[in-house]
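Chain lettering (A, B and C) follows the sequence in which the chains are written, and residue indices restart at 1 in each chain.
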Amino acid sequence: MSIVSPLVQPVLLIALPLVGSIMAFLLSSRRATVGVAVVAGNLGLVGGLIGRLCATGPWQHSVGGWGAPLGIDLYLDGLSATMLAMTALVSLGISAYSAAYFSATAARHFWPLWLLLLAAMNALFLSRDLFNLYVTLELVGIAAVALTAMRGQRDALVAAMRYLLTTLLGSMSYLLGVALLYHSVGSVDMVLIGETPVPPPVAAAAFALMAVGLLLKTALFPFHFWLPGAHSSASAPVSAALSALVVKVGFYILLRLWIEVFPALADEIAGLLGFLGGVAVLWGSLQAILQQRAKMLVAYSTVAQLGYFFLALPLVAAGGSRVWGAIVLLVLAHALAKAAMFMAAGNLLAFAGHDRIRDLDRVVQRMPLTAAALGLAGVSIMGLPPSGGFSGKWLLLQASLEQGNWPIALVLLLGGVLAAVYVFKLLEHIFTSGTPTGEPRAVARTMEWAPLMLAIGAIALGFLTTTVLDLLAVGEPFVPGRRDDY
Amino acid sequence: MTPAQLYALVGIGLFFVGLYALGVRRHLLPRILALNIMGSGVFVVLVALARRSSEVDPVPHAMVITGIVVAVSATALALRLMLRVAHATGSAQLTDTGDD
Amino acid sequence: MIINPAFSATLPVALVASSLLPGLIIFALAEESVRLRTALNLLGALSKLLLVALMLWGVYHEAAFETRFELLPGLPLVLRADALSLLFITLSAQLWFLTTIYAVGYLEGSPHRSRFFGFFSLCVTATVGVAMAGNLLTFILFYEMLTLSTYPLVVHRGTAVARRAGEAYLLYTVLGGVLLLLGAVWLYTLTGTLAFRPQGVVGDLDARHHTSLIIIFVLLIGGLGVKAALLPLHGWLPKAMVAPAPVSALLHAVAVVKAGAFGIVRVVYDIFGIQFAATLGVMMPLAWLASATIIYGSVRALFQDDLKRRLAYSTVSQVSYIALGVALVGPLASVGGLVHLVHQGLMKITLFFCAGNLAETLGIHKISEMNGVARRMPWTMTAFTVASLGMIGVPPIAGFISKWYLSLGAMEVGADWVLLVLAGSSALNALYFLPILYRAWFLEPAGDWPQERHYPRAETSLALLIPPVITATLALAAGLLASVPASPQEWAKLVVLREFLDP
């Protein structure tokens, strides 16, 4: 065991990046070193926590000794651990990439914001009560908006503004829902609210408000309008962070609410959400196919892939933990693959000076690592074996066929075909000749290795499926009720 | 109707007034103000509904204070960003798609 | 025979690794490291041959080689070497070795060889994985890997034509993959297993599932039929001819089409079970479809002037012999279909090697340019002649053996119409091969060759000459020595014996 008292570790996940953020702000040089060191430390901490989780089971920790309702409780179970691990791994890749990507002036803004974002996301995944989730959600949103705007170009600023307005609207809606629930139950603890009878009109109103807020943040069709602009106009590592991580936090909260707080109400709208998810998959994929620029293609791919999470929701009523597990697997696989794709697209942009797909001239031989990263990430996005994307898709297909839900099965399959169209649209131009438009510039090695490692991770996830599913099951997060033993 | 319930209704009303303005107004400054008003509406609801039994519950008050801090930070960011957008595009309105 | 368990588990993995590892290393090599790359390629190919020989000996003595890894909850990845796998693997290993030599010679001086050989090795890895798949999940995994690793080979030249061919290839294979996946998952929900077991795994399901099973069969055969170029899913094959000759040779003799045909054999024998499939009533339609493909492919071949396209349509026709052999529910027909897996491979690869030689040495792409070429390239054209005669079914070359067993098998089950199909196919084969031979051997050259290159030692580079001569000899030997215990015919009989007649 570590020399630090075991009780302190979850807090360190928040404190370390926070301190790192401040240091990065104050320092005048070596920001990247601090950043990467912090993120590496974060990964180590997460590893240690997972080890402890598997040994002793889920547990709860009250920050500063002040328990709820006045203090803040941090809770760790299999689901939080998995999300923390996802964040830690992808963050490491993004940080390594960013160390080489940003100039010194840009780094001045990037690292403090990025570490703040990491702290906020860690805090979110460790939170267990509704209000703390609100605070951390806002923090994540603000940091993400600032990072989006950081590039300073006109399209980034406009997209960031739209993103900010949307995300604040979402938060306000969510908070109003929390207020209504609090008045009814007297607590913001999710499990307690789930166990307490709430007058149906209040529950329905609260659920509607919170769901709308979270759906805005998770960009489910038709609330996706802000995403393509924001994700494509940000700098490459920021785009990676937005698509891989930021957009998932809203879904995570929705998942927790679905299981703990509103199971009955949620099942009623599962069909609607499934339908919207299906539309997102098909429409997002079609839009991706039509794009001329690589980053827009990848951004629309995110819209489509997010749709899969919602597409599967009608299956959870009968499928339970198995379906939730498959969904989380898809979330993980997407995080790894999409971060890799955005970073690889960033490499293309840096190399050729543009990201027009048609004019990419045989990039594969001059940036083979980037091409490999795109290829492997594409395999996961398409849901081809072996990859995390394939495992999730198989499990969902299995569940939908077992439940006789043919529309979902067909959308899953069709989505894979459409994904193949847009992935290969990008890849084929990498193999074949286009119109060279100028002198290519060399891309740093780190910038090529980072996406490749993450893409390999997405493939490796295909072989680690059972391990991840076992980790997820610790603490039975998909069954309502309290399970900690602390 | 008790004063508390009246305040709560006012809060919800503020929320929807802000929502309407957010959707309808094009200029960024009123939209940011609209978000602030929505936030204030939620805070009013929280405080108004704080009396759950004979004692007043301090937790919603704590939530409101936290919320105000968050809202201030968000507003600061929004205003600064609005200025940057206006500087870059020459207008303080968001062009093309994107609404609500 | 009992083998040390550690050994029996590692051998399948080693077989996969013997082409995977060199492939991954080759990707990292610089374009100029020709010697190292060639050495790695040959090392991989030779080690694979050695491992296959070990396995052959083992399986012949009834040893078991299996490796498992849990991929999805309750569904493992299984690599297993049984008699049927070895039929395919042996073919692949030998032909990979020869194609490597050929490709080194063919691509000499071409750009992007590291990339080519890297994907080439991945392609063989996938083929070996397909052959050793012990359940349908493993099969799908390597089957899709085959798609992904062959695409870069098809678009290798990087031209707009290559890109369009790649798009067509992808369209067909991705859709095929979808059908296969749907069929597999559905099957899994019905039976709870995807294992390949002799006599199948669905026999115990009760009658109300029979409609579902028929649809699943159609889905699976559809998905596999794309790669196996069954009518009407064959469209990608002629278009893929834009790839370099070693790719066409590999795709059409060994990897892609055979993977599809092999899959059909597995599905019919080890998922459905031949008897159960017959009771479901799906075997006759399959036989009709295979027959239609046989005739259609041959007819289209008649009208092609481009040599490789003619050979492509010939492949469309010939690979369906395997499906036909399977669909005629009888051991003799099964032997005919299975043995043709090997025989067609040997003959077709010879033909493609020769076509590549003609293109590389003399710039010949069309049959009309082939007048008198036999005088200029006698060895190549001899190999071509042997292979063509084999395709027509002239004894004692291997193709005759396959047709003989198929005919006997057809008579055994009373499907006499199949004899007409076989005879018609042979006649059509003669119609499109004999004119080529006549032109090459008996006509005078029309003028200068389109683009001649001279080689010091022989009619063409030795690396290009030796492989087709070897494969033609093997095709002849497989026919002449068919009764020798190690021949493809005897091995196919062993497979049939073990899989269908053992209780």
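By our rule, contacts are C-beta pairs under 8 Å (C-beta built on N, C-alpha and C of every residue); 3 or more make two chains touch, one makes a residue touch a chain.
Source: prediction; values computed, not measured.
Trainee: Select the chain whose centre, defined as the mean of its C-alpha atoms, is least distant from the mean of all protein C-alpha atoms.
Mentor: A
Trainee: From the centre of subunit C, which other chain's Cα mean sits the farthest off?
Mentor: B
Trainee: How far is the middle of subunit A from the middle of subunit B, if each middle is the mean of its Cα atoms, in Å?
Mentor: Between these chains, centre-to-centre, one finds 27 Å.
Trainee: Using Cα averages as centroids, what's the distance between subunit B and subunit C in whole Å?
Mentor: 68
Trainee: Averaging only over C-alpha atoms, locate the centres of subunit A and subunit C and give their separation in whole Å.
Mentor: It comes to 43 Å between the two C-alpha centres.
Trainee: Residues of subunit C that touch two or more other chains: which are they?
Mentor: Subunit C, residues with two or more chain partners: not present.
Trainee: Taking the touch rule as given, give the residues of subunit B at its contact with subunit A in the complex, in rising order.
Mentor: Answer in residue numbers: 12, 15, 18-19, 22, 28, 31-32, 35, 38-39, 41-42, 45-46, 49, 52, 57, 59-60, 62-63, 66-67, 70, 73-74, 77-78, 81-82, 84-85, 88-89, 94-95, 97-100.
Trainee: With touch defined as at the start, can you tell me which subunit A residues reach subunit C in the complex?
Mentor: Per the stated touch rule, the residues are 322, 362, 364-365, 368, 372, 375, 379, 384-386, 391, 394-395, 397-398, 401-402, 409, 413, 416-417, 420, 424, 428, 431-433, 462-463, 465-466, 469.
Trainee: Which part of subunit A faces subunit B closely enough to touch in the complex?
Mentor: 69-70, 131, 134-135, 138-139, 141-142, 145-146, 149, 152-154, 157-158, 160-162, 164-166, 168-169, 172, 175-176, 179-180, 182-183, 186, 188, 225-226, 229
Trainee: Could you pull out which subunit C residues touch subunit A in their complex?
Mentor: 27, 69-73, 111-112, 115, 140-141, 144-145, 147-148, 151-152, 155-156, 158-160, 162-163, 166-167, 170, 174-175, 177-178, 181-182, 185-186, 188-189
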